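Both complexes shown next keep subunit A, but they swap its partner, so subunit B is in the first and subunit C is in the second.
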Partner chain A sequence: MEILRYAIYRFGTMLLTLWVVSILVFVIINLPPGDYLSNQIAELRASGQSAGVAKAEFLRSEYALDKPLWQQYLIWVGFLPGPHGFSGLIQGNFGWSFEFDLPVAEIVGDTLWLTVLVNLAAVLFVYMVALPLGVLAAARARSWVDYTSAFVGYLGLATPNFLLALILFYYGHRWFDLPIGGLMDPAFEGEPMSWDKVKSILIHLIVPTFVIGTSGASAMMQRLRANMLDELGKPYVETAVAKGMSPSRMLAKYPLRVAFNPFVADIGNLLPSMISGSVLVSVVLGLQTIGPTLLTALKTQDLFLSGFVLMFVALLTLIGTMISDVLLVLLDPRIRYEGRDA
Partner chain B sequence: MTQLPDGRYVDDAPYDPGASLQELERKDLDAPNWVLIWRKFKTHKLGLVSGAFLLFCYLLLPIVGFIAPYGPNQRHSEHLYSPPQSINLFHEGKFIGPFVYPMTSEADLETFQWVFKPDYQTPMKLEFFCEGKEYNLFGLVPSDTHLFCAPEGSTLFLWGSDRLGRDVFSRILYGAQLSLTVGLIGISVSFVLGIFFGSIAGYFGGRIDWVINRVIEILRSLPELPLWLALSAAVPSNWSPVAVFFIISVILGILDWPGLARSVRAKFLSLREEEYVRAAEMMGASSGRVIRKHLLPNFMSHLIASATLSIPAMILGETALSFLGLGLRAPAVSWGVMLNDAQNLANIEIYPWTAIPMLPIIIIVLAFNFLGDGLRDSLDPYQQ
Partner chain C sequence: MTPLLSVENLSIGFGEEDPVVQSVSFDVAAGQTLALVGESGSGKTITCRSVLRILPKAAQIRSGSITLNGKDRAIDLLTLGERKMRDLRGNQISMIFQEPMRSLSPLHRIGNQVAEVLWLHGRKSEREAKKEVLECFERVGFPDPERTYGSYPFELSGGMRQRAMIAMAMVAKPKLLIADEPTTALDVTTQAQVLGLMKDLQRDTGMAMILVTHDLGVVANMAEQVVVMHKGRVMEAGAAEPLLSAPAHPYTQALIDAAPKVPEATAATPPAPASEDLILELKSVSKTYSMRAGKGWRAPSLISACRDINLRLPRGKTLAIVGESGSGKTTAARIALGAEAPDPGGEVIFRPQTDGPATKVHEMNRAARTAFQREAQMVFQDPYSSLSPRMRILDTMIEPLEIHRIGRQEERRAKAADMLEMVGLGRDMLLRYPHAFSGGQRQRLSIARALMLDPSLIVCDEPTSALDVSVQEQILCLLEEIRDERNLSYLFISHDLAVVARIADEVAVMRRGLVVEQAPPEALFHNPQHPYTKALIAAQPEPNIHRPINLKLVAQGAGSPESWPEDFRFSGQEAPPLIPVEPGHKVRCHA
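Up next, the complex of A and B:
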């Protein structure tokens, strides 16, 4: 029951954080001077198209852009009734994209779960690569395995994500005939789920997962190695070895378990940077995730669209961090429940 | 010092039984902190080499105009996407000093590309200390002398030329000016903010601490890049390149301080209970003075090391922003802006040299990482 209480407490803080983030996001998207509609109205006026002006004016009042900023914010989130009653983010109305002339929900549509999918795959990749490599590097410290993995790790940290994406993409296509660009075969776009579509998505996922996960995996690996080395120096390890336990069994049974907790908790620290990375990589590789949408929205000052995407990215990160926190408490009973660093 | 026949060294000075043996040891213990840090840092070879390399790079920045054979935006409309030329020393087995083979271009009517071929018959010697495009030495002194430039009637594209026929080598040198300083400005912003908020949170505690701590947590839990993107998208497009450069560095710094503030706060929480802090307070020192004179010097070196480790993130951040077209803008040259050209695969496949700017990025980022590691390891000179 304790754990349930902690989960609820953690969920509450997440909601609070999300609320603060919504204010932050709203301020940021309103920073550029002028908004999409007033720019458009000025442009239409200059070219003398009065019909367009009327439509833009209509949209302006429709989306309450003529109200003071703080009211706009409350209407956007859904705390205050807009021109059509309560319909903000919490009511599930994500707003209108002026650039595409479509509701935001329709534009982002599929990209939402694809974003989640890409990031999940990257997290799995991080664990699958970092765990064996980190343990191996620690167990064979100061051997070629250790040095090679450290070198690769450093390179992974130092190479900008998007460059790695381009390089891997190029060679992936050349040597392994991996597909270029996108998250699925164009033929499957907008099609209902089918086995072939899943297969196509999986093949397209290989390169992006690798690219997004590499820097995270190398950071994680180095930390796991350091933790393992700390544990390996302790007397209980010596005892186990002296009693004739086989090295691999000894590793898995004692030091790994101790070193494992920070390993799980760290994903919370890594998530923000990984999600950042996925946005960038998606733009470079043309994945149908939320990244490219964000970029166009920001460039065209499409404020509801960019606001929603920013909120979604933040929500994704917060949920991930929350899950990792709860998991950590499940794994390690020594951790106090209420407010870990209060 | 005399060497005995058996190879030992013996001091010539007569033995002085009065001299205190402890004096030698004392000298070590009383040595200023930086001497000890330096002594330990010297043993960290990788860090030392990286540090020297970075120092060298930064010292070169004010005189890149002198080293680069061309100006950053000097176009050669005859040589678009010209491949790299190498500097040779021997022509047909004979030494004639550094020279290049001039490139001849020819249109390929099938692919509609220019095909460049070096003309191996006529070696052309490089010129040294020659006149070229004018530039400002140290940003102040106008000059037009270059270390080396292309021979008359030929070009000198060490690393090829780009879409507009600009020399990639020269542009990388000029790009270093912005790409390397963006991190420094960003880190200063983050340093000031981090120390300020971290120290008031840690020193005063209570409600201020709670608020600052929540802000730190929130900022740390958000993905940086989308926020960087959103903030840089808000930079008005009519600003001058210099203004854009400054605002971008500030944006990079604004989201980086929470990490620093957190470690400052943690240190302060433990240090503020020390006796010497109590003593200073009793003697009537103001909180500002206690923070600045008694607390901060304790872990300044530690902060510098962690700042070194976060500069790479900023350099990479600038590169990413410029690469996506939301960072520095065209007349300004930075490595990210240059990589903007290498955005699609077809380009990289046909003109691989447009992706060269990624090499300096990787090297600089690695160097900062090694330097930071070395500094961090050598900061606690009393610890073995």
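Up next, the complex of A and C:
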């Protein structure tokens, strides 16, 4: 019951944060002088194409860009009615992309859940690799196991992702016949979901997951190792040994359990760093994630498109932190009972 | 009859170094207690851990044997296979550690951690195990075993946690219990109760015990056999009675002399007429903290850390505040130093010079506060963490002078060297780092640092409780010497009545935020009135085998204030007033 109340409370604060983030995002994308349409109008005027100017002027009023900034914001989010009534993010209208001349929803469409998929796969990869290796390195501290894993880890941290991507593509294709680029066979693009499509996506995921996850996994492994080593020196470990526990069982039950907390708390940080970190990788690998779209949108000052993408990334981050907070409360009684009368 | 455990000719060393334990031999008979006594660094802990083979990785056993004699056969513990060793640990031989706060996992329920011993060894079902654990909890004195079973360690007090540790060690009914300083981290009264419990359990189960301690008072109360260790060697060994009453080895004699004793109750000398030259005065000081009651919008709960404290410290004297952890003694000291503001109505008055102006500690402006900080300094409890490990002694010592912009660099250095000499260290030690000093030397360093600003008032917060008894004695002597030489005044915080007895001119005993009895030490020991004071005195372990701890007296006074005899009882927030029983001797009771 306690936990449910906490989750609801935490969800509430998340919505609040999201609202603040939306203000920030809107201010930031409006910071550079000019916007997509006024740039275009200036360009059209210079070349004397008055028909284009009229269309751009029409779009300006259509999307309320002629209103003061604060009204623009409220209309964008959906707190105020725009020229066509309430139609903002809250109502599910993500706006219009001037660069692509398409609704934002249509442009991002598939890439949204592909982004989530790629990054979830990478997070899973990070945990699956870092957990056993970190524990092993700590348990066999200052032995060849420790040194080897540290060496491989630093290598993973130091290698630029795009380079790793190119190398893996080359050898992956040559030796294992893995596909190059993209997140699915081009034949499936735009097709409805089918078993073959899923299979194709999974095979295409292998290399990107590895590339995006490597550096995160090495960093997390080193952190877990350090935490574990700290815990292994604590008296309660000695107590457990004096009880007659076997080393492996002791390791899993006591120090790992305590060292696990920072590990869980990292979920929140992992998601955003992966999403922003994977932009370059996505461009190099030709992944249909949201990264490349964000890059174009920011470059051309495509107001609604970049605003939406930034909001989406913020949402993922907030969900990540919320999950790790709730998990922490479940895992650590000291947090759970904070403030309970002793 | 063969002893249960015999250790023969044991030597342990690290790397290439000289052995830290050298040819140690002793026997432990079934049902008896053997005490391993020594200062820190004597090798006693390493010796007792070698029995369970839980030594640090770098330690090597160089020679000797440890034999556990079972019903039918003898087991050589040093050559036994790891798997079989695991079967013994916690099952036949179990161990209690020094720090109950840190020896239990913070994330697992107490019941889980204790029952685990049975799961590991008994191959019992979860239900049977739980039943046995609950019985064991009841035996070690938990009022509500079922509740304890589901609690986490941080929900229990230190004494209760140590009881849980004892339950964990006892639940599999081992033949041998090794207790490594089991009560060193506890208050005197809690220590007395835990020791009493261990003795009872031993009588009921007939197990043998190895008690590792630095406190001969504890030894006198617990052990039949004693082994005195110093620098890895056995100095003296034998039955407790003759060893303690007529020690053959000078080292044992020195340990006995250093042990704090409750002074013989001589008739109280009539107190000197109270001097009116007060350096520090606390007037009706109270402090209430409000605790956040948790999530949601419940009203915060109020906790009163200390209530209506009135204390007077005459110039050149020592006023001691004695009490267990949580009694409010540290809060009172923090308020006296201005580190915390008292509740409205209370005030602290400080007079730096005899006829000088008096200032109110909590109504100072910036300049007055800086001046006050020069006059009032503090010596902290833990010499290991109160000196920065990354600063040379010189830098640590001249830092106060830098902050107050006093003197030039050479003068500061010269002063630091003088102060080191004054506390009995060499001038040439200035450039060393703290890690090069022992615990006692570090405490001398923190005293020297406190003296750098030539203060008139020093607050000593348990300055000796982290030290060995022999070192404790030296530090107390040093403090006395300096006080008399420089006409300092001490506010001395301690939980140890025997320590206070020798240094204080007046003692205030605190419990639950209130002063329950206040008198000069002679009057306090000669004629203790309050049940809590009586309990404190009775709980003091002494190296005299004929003066065992009177557990009845301890239990009566150390219980909750609601259970005290009618005259002294608190009812809820209501406490009786503090009234004088003889000149200079006040007790909180209904007249």
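Definition applied: the second predicted complex is superposed on the first by the 322 of 342 C-alpha atoms of A that agree within 3 Å, B and C clash if a C-alpha of one lies under 4 Å from a C-alpha of the other, contacts with A are read in each partner's own complex, and residues count from 1 in each chain.
Heads up, the rule we're going with is that contacts are C-beta pairs under 8 Å (C-beta built on N, C-alpha and C of every residue); 3 or more make two chains touch, one makes a residue touch a chain.
Since we're looking at a predicted model, the values are computed, not measured.
Peer 1: Between subunit B and subunit C, which one contacts more residues of subunit A in the superposed model?
Peer 2: On the superposition, B touches more of the residues of subunit A.
Peer 1: Where does A:Y170 make contact in the superposed view: on subunit B (first), on subunit C (second), on both, or on neither?
Peer 2: Only subunit B; A:Y170 stays clear of subunit C.
Peer 1: With both complexes superposed on chain A, which partner does A:E238 reach: first (subunit B), second (subunit C), both or neither?
Peer 2: After superposition on chain A, A:E238 lies in contact with subunit C alone.
Peer 1: Does the superposition put A:Y6 against subunit B (first), subunit C (second), both, or neither?
Peer 2: second
Peer 1: After lining up the shared chain so the two structures overlap, which partner does A:S246 touch, if you call subunit B first and subunit C second: first, second, both or neither?
Peer 2: Touch partner of A:S246: subunit C, not subunit B.
Peer 1: Does subunit B (first) or subunit C (second) touch A:W113, or do both, or does neither?
Peer 2: In the superposition, A:W113 contacts neither subunit B nor subunit C.
Peer 1: Quick check for you: in the superposed arrangement, does A:S276 touch first (subunit B), second (subunit C), both or neither?
Peer 2: Touch partner of A:S276: subunit B, not subunit C.
Peer 1: Kindly list the residues of subunit A that each of subunit B and subunit C touches, one partner per complex.
Peer 2: Touching subunit B and subunit C on subunit A: residues 341.
Peer 1: Spell out the residues on subunit B that touch subunit A in their complex, using ranges where they run on.
Peer 2: Subunit B residues touching subunit A: 213-214, 217-218, 220-227, 229-231, 233-234, 236, 312, 316, 319-320, 323-326, 339, 342-343, 345, 348-349, 355, 358, 361-362, 365-366, 369.
Peer 1: Going by the contact rule at the top, pick out the subunit A residues touching subunit C in the complex.
Peer 2: By the definition above, subunit A touches subunit C via 5-6, 9, 234-236, 238-246, 253-254, 257-258, 331-334, 337-342.
Peer 1: Show me the residue ranges of subunit C that touch subunit A in the complex, using the header's touch definition.
Peer 2: Touching subunit A from subunit C are residues 52, 54, 86-91, 94-95, 97-99, 102-109, 116-117, 120-121, 152, 154-155, 165, 168, 291-295, 301.
Peer 1: Under the stated contact criterion, what part of subunit A meets subunit B in this complex?
Peer 2: Within the complex, subunit A contacts subunit B at residues 17, 20-21, 24-25, 28-29, 31-33, 154-155, 157-163, 166, 169-170, 180, 269, 271-273, 275-277, 279-280, 283-284, 294-295, 298-299, 301, 306, 309-310, 313-314, 317-318, 321, 341.
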